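Below you'll find the structures, each written out as C-alpha cells.
First chain A sits with chain B, and in the next complex the same chain sits with chain C.
For the complex of A and B:
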C-alpha cells in the first residue's frame, strides 16, 4: 500500500485519481479469441467529468466492467489513487444502464440506497439518514418510503444515482445511464448529474454512444473506436462549470467538436 | 387551450363518479360468478342423492349427519389434529430442506449438474408409492409420516427454489459485486427475496401433494388421523362416514390453499404490484 499518490512524471497539473495503462480485454482463447479492447490508456483527474463515447457494440460496456472490477482485463493495469485494483473497489461505484433491473423491487427506495451502506457496516439510523440526505440531493426528498416500481423511470434512475453517491466512492462509473428514459427526462438527469458533480466534487466517468451527451457533460471526451477498440481521440471541451442545454450545444466549439468526433467515427 | 383546460376537470370527475357504483356492482358480480356453481352443485348433490337406494352412494344429508356427529363427539377432531400436525411439520421440514438445498444448488452450478438427474428421478416417482416403503423401514409412529410428507413436498420446493435462483436478474448480482455486499447480506437481502416468488409457487404446488401423502400415510399401519378414519369407516361399511372423511379432507385442503393465497399476497406484494412476473 502506498501512503500517498505517486508523483506523476507527465505534465498533468492535477494529481491522477485513476490511471489505466495498456488495458486489453478479450473473450475466448487461441484462434477463436475475440479481442474487444486493446492497449487502452486512460487518465482521470480528481473532480473531472470524462465521457467515453463510441459506436454501439464497440465494447464500451466491457470497458466499464473492466474499470469497475467486474471483469478482469487480460492485460494492463488499473490504478485508483495510486493503488492497483484487482476487482471491485470501495472507491468505485457504478450506475447501471437499466435502473429497473439494478434497483431491488422488494426494497423501498430508502432501503435500496441504504443497502450498500449496511454492507459497509454502517448502523441503521446512520445509513437511513444518509439515504434520506442523498435522496433529497437528487430531488426525491421525502420519497424514501416508496418502492421503485411506484416511480417513473427518471425517478428510479435518480434513486440509482443517490445510491451510488451515498456509497461515497471517489469515482462514479455510469454505463449509458440515461439511455432508457425519454428525451426531456434525459436532459433533466444530465443537468442533475452536472449539478451534483459540482456540489459534491465527485469524479465521473460516463460511457455513452450519444455524442451530444458526451460533449455536453464532459470536461474531457475520450473517443474509442476500431476493432479491437482503443482510444482514437481525446477532446478537452472547456465549457466551464455552467452549461445550458441550448446555449452550450449552440457553442461553436461544441459543433466543431461534434463534427470532429463524427468524422473520426465514420472512418471505421 | 382554455377550452381544453375547462373541460379537463369534467372528464375525470365523470369517470370517477361512474367508477364508484360500478366497482361495488363488479364485486357483487364477481362473488356471484364464483359461487353460483358451488351452490348449484351442492343443491344437485343434495336432491339427487336424497332418495338414493345405492348402499355405496349415501345421501348428502346422511353424510353431513355423520360429519356433524363425529365432529361433535371428537372422533374427527382428534384425527384431524393428528393429520394436520403431521402435514404442517412435514411441510415445514420440506420448506426448510427444499429452500436450503435449492439455494445451494442454484448457487453452485457444478453441484446442480451432478445431482440434477437424481432430483428429476425422485420428482418423477409418484410420492404416494413411497409411503409403504418408508413406513416399512421407519415404523408406524408419527415421525415417519411427517418424514414421508416432507420428502414428497420437498421436490417441487427444491426445484422451484433452484429456478428462482437461476432467474435472478444478472444486473442485481453485478450490483452486489460492485458494491461489495458481504456474502451473508447478499444471500439474505438479494438472493432470497429475489427467489421468493418461485419459492412460494413451489410451496403452493407442494400443498396438495402434502395433503395426498398425509391421507395415504394414515392408511398404512395407522390407528389415527383422517386417512385412518376414511379407511376404517370404509372397512366397517360406514359409508356416510367414509364420504364425510373425504369431504372434510377436501374442505381442509381448500381452506389451506385460500389461507396460503392470502399469505402469499402479503409476502409478495412487491412482486404482484411491480408487474415483475
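For the complex of A and C:
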C-alpha cells in the first residue's frame, strides 16, 4: 500500500482518455422540461478506475447512457482519445445492470461473447478463440457451451464482463453491475474486476449508489447530487493496486472519505 | 399449462374413447336410418381407406395436393418472416402498414380465386398462389408482433456493440421473434392443407380435392370420405412435425421463462 497523502482533490495533467465538458441532459421541452443532468464535467485518465456515486434516482443511468452514446445529451461534448463522439463508439463497451436480459438467451455464452466480434468482422475461429480466452479470464474456463440461463446471476454477469472485455474497448462503462447479486458474489465480482483492470490495463468507469463499493474499487470517486445532477465532489482514494475487502475498508482514509461523501450527500 | 394428474395409461384410454365415441354416434345415426342412404357407415369408410391406399390416383392426388400446399406455405413463410421482421422493427413502416395488414388478414382469399384462375388457369400454379396468399397473413402478423416486442436491454446491447444491420437481423431479431413466428408458421400449415383441398374441390385443379369431387360424382361416398380422412391426417402429421421442430429450436425460450 502506498503512503500517499490521504483523501484530497487533485488536478493531474496526464493525457486524458475521456473528456466530458458541460454535459446537460433533459427530457421534454418548455415548461414541462425535466432536467436530469446539468453542466457536468468529467476527466478520465488512461488506466484509471473511476466510480461515479450518487443517490438512487439522481440520474446515474441517464449519465451512463449519455457517456456510452445511447442517449444524445442536450448540451456539452464528450471526447474519447481527443475525438468527439456522437453515438456508440468502438472505444466504449458497456456492462449493463440488467445482465440477464442483455445476454441473448438463444446464444451460448461463447456465442454471446463472440457476437460483437462478429460485428467487427473477425473470422469465426479467431473470435471463438478470443471468446474462450476472455471467458477463462473471468473464471469461466470451459463454460462456453452453456447457455446463460443455465448459469447463476454472478456467472451471467461474468459473461457480460467477458463480452465487454473481448470487444477490446479502451473504456469499460459499468452501470450498477453488481446491484442484483448477493453480497459474497458481489465482493468476488468486485475483486475480479480490479484484478482484470490491473492485468489488462483497461480504463473503467463504474456507476453505483453504494459508497463503499465506489471507494473500494476506484482511483477517483466522482460524487454527483442535486437536481438536476452535477458533480459536487471528487475524491482521489490513493489505495494503490492491492486492495482487500477487509483491510482496505478498515483503512482510516476509507472511513474518512466515506464520511465526507455521506456528509456531501446529506447536504443535498 | 395445466398439470395433468392422471396416469399415462388412463390418459390413452380416454383418448381412444374420445375418438371412438363420435364414430359410435355416427354409426348409430346411420343405423337409425334418419340420414339419406348415400351416407356411408363407419365400416364402409374403413374399407374405403384401405381401398384408397391401393389406388394410383389417390397417391397421385395426395402428392399434388401436398406439393401445392407445401410450396405455397413455404413461400408464404419466407416472405412473411422477412417482411414481418422489417415492418415490425421499423417504427414508421409498422405504423403506416397497420391498416393494410388488418385489411389483408380479414380478406377472404378464396374469393380471389376466380381472378387468379383467370390469370393463371386452373392448375397447380394457381393453387400455390392461393395457398401462399392465405398462409401469408398468420406468418406476417405473428412475425410483426415478434419483432415489435424486443427487449430494451437487447436493443441497447446491439447499439453499444455496433452490430451491423444484417447481423442484427439474422442473429437478434429473427431468434427473438422466433417463438411467435413458430406459432404463425404452425397455424398457416393447417391453413395450407385446408385451402389446397378447398381450391381443388372448387376449381378442379388436380389433387386430392378433385378426387373427392370425382368420387362424389361417381356416387362413391365412402371413398370421398376416405380421401377427406387422409387430408386431415396429413394436416395433423405436419402440425406434429412442426411441434417437434419448435420444441428443439425454442428450448432456450422455455428455460428462460422458468
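The rule is short, and it goes like this: the second predicted complex is superposed on the first by the 256 of 268 C-alpha atoms of A that agree within 3 Å, B and C clash if a C-alpha of one lies under 4 Å from a C-alpha of the other, contacts with A are read in each partner's own complex, and residues count from 1 in each chain.
As a working rule, a contact is a pair of C-beta atoms (placed from the backbone, for glycine too) under 8 Å apart; a residue touches a chain by one contact, two chains touch by 3 or more.
Every value quoted in this text rests on a predicted model; they were computed, and no experiment measured them.
Three-chain overlay on chain A, with chain B and chain C in a clash. Residue contacts after overlaying the shared chain place A:88 against chain B and chain C alike. By the touch criterion defined above, A:57 lies against neither chain B nor chain C after alignment on the C-alpha atoms of chain A. In the superposition on chain A, A:238 makes contact with neither chain B nor chain C. In the superposition on chain A, A:102 makes contact with both chain B and chain C. By the touch criterion stated above, A:149 is placed in contact with chain B and with chain C alike.
Contacts of A:22 after superposition: neither chain B nor chain C is touched. Chain A uses residues 68-70, 88, 90, 92-94, 96, 98, 101-102, 104-107, 115-116, 118-119, 147, 149-150, 167 to touch chain B in one structure and chain C in the other.
On the chain C side of its complex with chain A, the touching residues are 151-154, 156-157, 159-164, 167, 171-172, 175-176, 178, 252-253, 255-256, 258. Those residues of chain A lying in contact with chain C across their complex are 68-70, 87-88, 90, 92-94, 96, 98, 101-102, 104-107, 115-116, 118-119, 147, 149-150, 163, 167.
Taken in their complex, chain A has these residues touching chain B: 68-70, 88, 90, 92-94, 96, 98, 101-102, 104-107, 115-116, 118-120, 147-150, 167. Chain B makes touch with chain A in their complex at residues 169, 171-172, 174-175, 177-182, 185, 189-190, 193-194, 196, 270-271, 273-276.
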